[in-house]
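Structure record follows, encoded as C-alpha cells.
All chains are identified by letter, namely A, B, C and D, in their written order; residue positions are counted from 1 within each chain.
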C-alpha cells in the first residue's frame, strides 16, 4: 500500500485534474398543478428506467447564512454573505444529511444554454445543524419539497411541490403556490459544457408543458 | 396448614389453662377455710373465692369450646392401625416401641420419596441403546418430523426463547415460511444469523453488528470466525433428534454465554488474550469461558 | 469501528525513530504484519474577529477512514463534531473569509500500520508544523464497540507490548463514555486531545 | 326422466335438451304412423321411378302372394307406397294399351280437341317477360356485386389490414421506429443496461406479393383459409449473424475425457432452425437470444483474456477454457447454428455433460450486470449526486474504514464468479461421491449425511452422523463439513476444525479416522452402561504395525469384578481386533520362572477373539454379547 498522502494535497490534485463535480448546470421551470400528471407521464416516457414508477422524495431543506458586516468601504458589497443549505430526506430512513454550498451564477456568455453555478455537495452526519449554528450561521428560511425525480443519463429531473413550514409540526405545511417546480440539473466537473446542449434538447422535448429556462436570479431580485 | 397448627396450639393451651384452673378449684375446696380468710364472715369469703374460681373455670371452658370449634375436624377416622394399642402398653420395656415405629415410618416415607426422584432421573437417562422404539404406542411420537414443522411451532419456540433472554433481541425474517432465518443480537457484543430447517438449526454465522446480514459471507474478524466454528460444533453437540426444541433451547442458552465474550477472562489461564483472541470457547455444560488452547 | 486507545509513549535515552524501531520490533515479534502506512492530520481554523467570540474549527483526516473529513468545532465551552465527505475541505477554502487557518499549528501523526489478529496497531510520529514532538501509539480492537467491555482486554494487550509504561486507566476522553458505542469520531477526539497537548508543550519529548 | 328403450328405432332417441343438472330430455319416440310418414316422405318418387320399374318386373311374379301378405299385415311400412306404385303401373299399362290401340287407328282414333283460346295480348306478355327478366337480372347483379365486394374485401384484409394489426402487436413487444420508408426495430438489450456494441436491428416489411399468390386466393371455400393462416402479413428480416439458434454450453470435464468427446455426431435436438415460415415473434425471440448469448460469450472471452489466472484461461474460437481445479476444466462454448451452415457446425459433445445449472447461472449473472447498469439508486435527499450507492453515500458521514470502502469497489467478473461456482460444484460433487461411497463400503457404523437445504452458489454444508444401528443412543459422532470453492472445512463436536484441500482422498481419510474413533468411543460408552470399567484409551496408538493412514486407536476395558480384561484395537485400514484376558488366569502351569500359584493374579495372556465368528449384528452388538458373557460367568 502506498504512503497515504496528505488529504489536502490529494484534494488540490483532484481539483487540478478537474474530476470533482463542482459545477451545476441547471434549468428551471414550473407547471400548474392540473398539468403535472401529464408532465409526469411524459417524463416516464422520456426517462431511463421508470418501469417501477417514478421515484418520490420528501425533503426538508434549511438555508443557513453566515454574514459579517464588511467594514472596508472599498469592497462593492456592504456585507459578505455565505449561505449553506442543509437538506435531509423525511421519507427514507438512514440517509445522510446533505450539505450544499451553491455559488453565484457564472456570468458567462449569453449563448450558454443553461445556468452554470458552482456547487459543493457533501453528505454529512446529523450533527450538521448544531455544527452550523455553533459556527455562527443563522437560519434564513426553510421549506419542505415533495415530489418526484427522474433521471436520463447524467441528467436529473425533479418535479417538486414546495411547502411552507407551518409552525413546528411537519404535518401543518401549506403549499407555497398552485404549481410545481421543475428542475433539470447535472452536476459535473467544470469545463464540460457539452452537457448544456443535451439539457437544452431534453428541455425542448418537454415543451410546451414546461418552459425550462435559465433563470437569472439577479434580475428576479430586482423585480422583487 | 400453618393456621391449623396454630389453632391446635391455641386449643391445647386453652385446655392447659382450664386444667390448671380446675385444679385450683379443687385445691381450694380441699383446703377448706384457711387462716387468711380471717374471722369475720369467713364462710362468705370462702364462697366468694370459690365462686370466682368457678367463673374463671367457666370462662376457660368457653375458651376451650371456642378453640375446639375453630379446629377443622379430621376428614374420616384417623386410623393408626394396631399401633393405637401401643399407647395402652403398660410394660416398661415396650413403651419405647412407639418412637421406633415413628422413626421407621419416616424412613419408609423418605425411601418412597427418593425412589420416586431416582425413578424420574433414571427414566430421563435411560439405558436405551437406541432411539428407535418398536412398540406401537410410542412410535407415533417418534415419527413426528423435525424438518417439516408448522410455522407456528417454530414461531412459538423462537418467541419463548426470546422471552427467556432479555438482553438478546430476535429478529425473524422468513423468506421461506417453514424455514425461518433469524437474526439474534447478543447485546452490543455480536449478532448471529441462524437458519432453521424446521426445528433444526442448520446454519449459523456470527458477525459484528456493523457487518451485513448476509447468511453466506463470514465475518471479517477472527474472533467471530472462530465463534462461528464453535457454534457449528455446538450445533452438533446439542443436536437431538428426539427433542428438537430442547436442542434449540440449549443451543441458545449456550450461545447466550457469549455476552461476556470480551469482558470475561479465561477460566483456566486467567488471561484475556491468547494468540490475540479472547476466550472464544464456552464449555457446553458449565458455560465457562476458555481459550481454544485452554479448554 | 472498534475501540481505539491512543497513548503517548517514550523511552529513556532514545530518539523518536529509535523508539519506533523498538516498538515495531516488539510488535512484529508478537506476530504482527505490517500493512501499509497511516496518517492522521489536523488543521485548525479560527474565526475572524467580526464573527463575535472566537471559535476554532479543527479539521482532521484519518487515513483509516479515507472518505471522511472530521471537523471538531470548539466554541470554548463545548465541542461539536461533524463527519462529512471529502469535499468539506473545499468548503473550508470557500469560507476563508470567515475562518482562517493557522498553518503553523498543522499537526500530524504518521507512521506504520500493523495488523495483529483483530488488532490494529499504529506507531505514529507526531510533528507539529514539521517539528518532531513525540510518539503516539494507537491500538484498535476492531470487533468490539463498547469500551467498557473490552478495556481489560485492551489493557492486557497494551501491557503485552508496551510493558510497564502501558496506561492503567482508560484515556480521559473515554472515561465518561465507557458504556457508549464507540465511533471513529471518538478516535478523532483522542487525537485532537493529544495534538493540543503536543502543541502546548513544545519539545519536551525531544530527547 | 328415465331412458326409453325404443324397439323401433335402432338408434337412441334424439336428445331434445340437457338440463343443467345433467338429465337428458329425449324426444318422444316416433309413433308407427309418424315414422311411416317420415319414411314415405323420404322416398324420392321422381328418382326411384326407373329402379322401381325394374323392381316391378321381378315383383310382378310374386306380387300376388306378396300383396296378399301385405294386406294381411297392414303394418308393413311400404304398403301405401307400393299401392301407389301399383296404381301408377296399372295406369301406365292402361295408357300403353290405349296408345297401342290408338296407333292402329282401326279401333280408336284420337281427335284433337279444340282448346279454348286464352286471350293472349302479346304486349302484355312482353312486358311481363321483361319484368321477370329484369327481376332476375337485378338479383344476379346484386349477387355478383356482393361477391365482388367480398372478394375485394378479402383481398384487402389479407394485406393491409392484417399488416397493420400485426405491426401494432409487434409494436407492443418490440422497439420500432420509422426511418424514411422502412421500419427498423431494435432487439438489443441496450435499453435494459447492456453495453454490447453489436446492434440488434431488424427490418419490418410487408410480406411480399408472391407469397400471397402462393396461398390460393381464388378459393373462397372455408377449408382452404386454414392453410393460409400461418403466413403472416408481416415479415421481419434479421441480420444474418443473428439468425439461427444459439446457446451457451458449459461443460466441466477432466483432461482425459476431453479427447474422447470430440467426434460425436449429433444434431437434431437443436431447435428447428430458422424456417422462413416461423412466426415473427419466435424469430425475434430467437434472434434476441442469439444476441444475448453472443454478448455473454464476448464478455466472458474478454474477461478470460484480461484475468491473470495461475493457469491462464484459453480462448480458442468459440470456446473458453478455464482450469477450475487441477485436472478439471470448465469449458464455456458458444454454440450457434444457422440454417445455412448447420451441416458443418461442430456437434456438441455429448449432451449429458452440459451443465444446465451453470448455464443458467451465467445467464443470471449477465442479467444482473444489465440490471445494475440501469438501476442506479436515486439519491435521498433529492439534491444528492446521482450515481453512488446508498452505502457509498453514507460512507463519509458514517466514517467507513478502508476495508469497507475497498469492499464497495470490489466487483467480480462474470468469469470469476462462474469459475467459483464451477469449483464449488465440483467440490460438492466430490464430497457427495466420497460420502456415498463410504456409506456404501462401510456397513458397520452407519454413516448418514444430511445436506443443508439452504446453500449459496459457492457454499454448502453437510452434516454427517456416524452411529451404530441399534446403539444410536449410546454414541453418536457428528461432523459438519463446509464445502467451499476450493477447500473443505470439517468441524467436530468438540470444536476442532480441520481444513482440507480439494483432494477427495483427504476427506476420505478423515472420515475413516472418525469411524475408528467412533468405534472406540462407542465401545467405552457401551461398557459404561454394562457396568464395565474403561481402564484407558488412546486415539493414537504408537504400538503395532505402522498404519498407512493415521494411527490405530485402542482401549482397555475391565469387567465389574475386575477379573476379565478386554482390549480393543481399531485400525483404519484393517479390521478391529479384540482380545480377552482372564485374571486370575485359569491356566496355571508351574514353570521354572513362575513357580508359585500366587502369580496367577497377575492376569493372563491376551487371547484374540475371532469377531467374525461371533454372533451379533455389528461390532457393538458383538461387544455387548462378549461383555455380557464374560460378566455372567464370574
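Here, a contact is a pair of C-beta atoms (placed from the backbone, for glycine too) under 8 Å apart; a residue touches a chain by one contact, two chains touch by 3 or more.
Just so we're clear, the structure is a prediction, and the values are computed from it rather than from any experiment.
Student: Would you kindly say which chain has the C-alpha centre located farthest from the C-alpha centre of chain A?
Tutor: Checked the centroid distances; the maximum from chain A is B.
Student: Does A-C or B-C have the larger number of C-beta pairs in contact?
Tutor: Of A-C and B-C, more C-beta pairs in contact link A-C.
Student: Distance-wise, how many Å sit between the C-alpha centres of chain A and chain C, to the nearest whole number?
Tutor: Distance between chain centres: 36 Å.
Student: Taking the mean of the C-alpha atoms as each chain's centre, how many Å separate chain B from chain C?
Tutor: The mean C-alpha positions of chain B and chain C differ by 55 Å.
Student: Report, in whole Å, the distance between the mean C-alpha point of chain B and the mean C-alpha point of chain D.
Tutor: Averaging C-alpha atoms per chain gives centres 61 Å apart.
Student: Just the number, please: Cα centre separation of chain A and chain B in whole Å.
Tutor: Going by mean C-alpha positions, chain A sits 69 Å from chain B.
Student: If a residue has to touch 2 or more other chains to count, which residues of chain C qualify?
Tutor: 1, 63, 66, 69, 83-86
Student: Two or more other chains touching the same residue: where does that happen in chain D?
Tutor: 396-398
Student: Going by the contact rule already set, what residues in chain B reach two or more other chains?
Tutor: none
Student: What topology does the chain contact graph adopt: line, ring, star, complete, or other?
Tutor: other
Student: By the document's touch rule, what are all the touching chain pairs in this structure?
Tutor: Going through each pair of chains, those in contact are A-C, A-D, B-C, B-D, C-D.
Student: Sort out for me which residues of chain C touch chain B in the complex.
Tutor: 1, 30-31, 116-119, 142-146, 148-150, 152-153, 156-157, 160, 181
Student: Per the contact definition, I'd like the list of chain A residues that touch chain C in the complex.
Tutor: Residues 1-8, 11, 15, 20, 22, 66, 68-69, 71, 80, 82, 99, 101, 103, 120-125, 127-128, 130-131, 134-136 of chain A touch chain C in their complex.
Student: Hey, which residues of chain D end up touching chain B in the complex?
Tutor: 403, 452-454, 456, 458-459, 461, 463, 469-474, 478-480, 482, 489, 491-497, 526, 529
Student: Any idea which chain A residues touch chain D in the complex?
Tutor: Contact set of chain A toward chain D: 21, 48-49, 55, 57, 59-61, 85, 87-89, 91-92, 94-98, 100, 121-126, 145, 147, 149, 151, 154, 156, 158, 160, 187.
Student: Mind pulling up the chain B residues that touch chain C in the complex?
Tutor: 188-190, 208-210, 221-224, 262-263, 265, 271-273, 275-278
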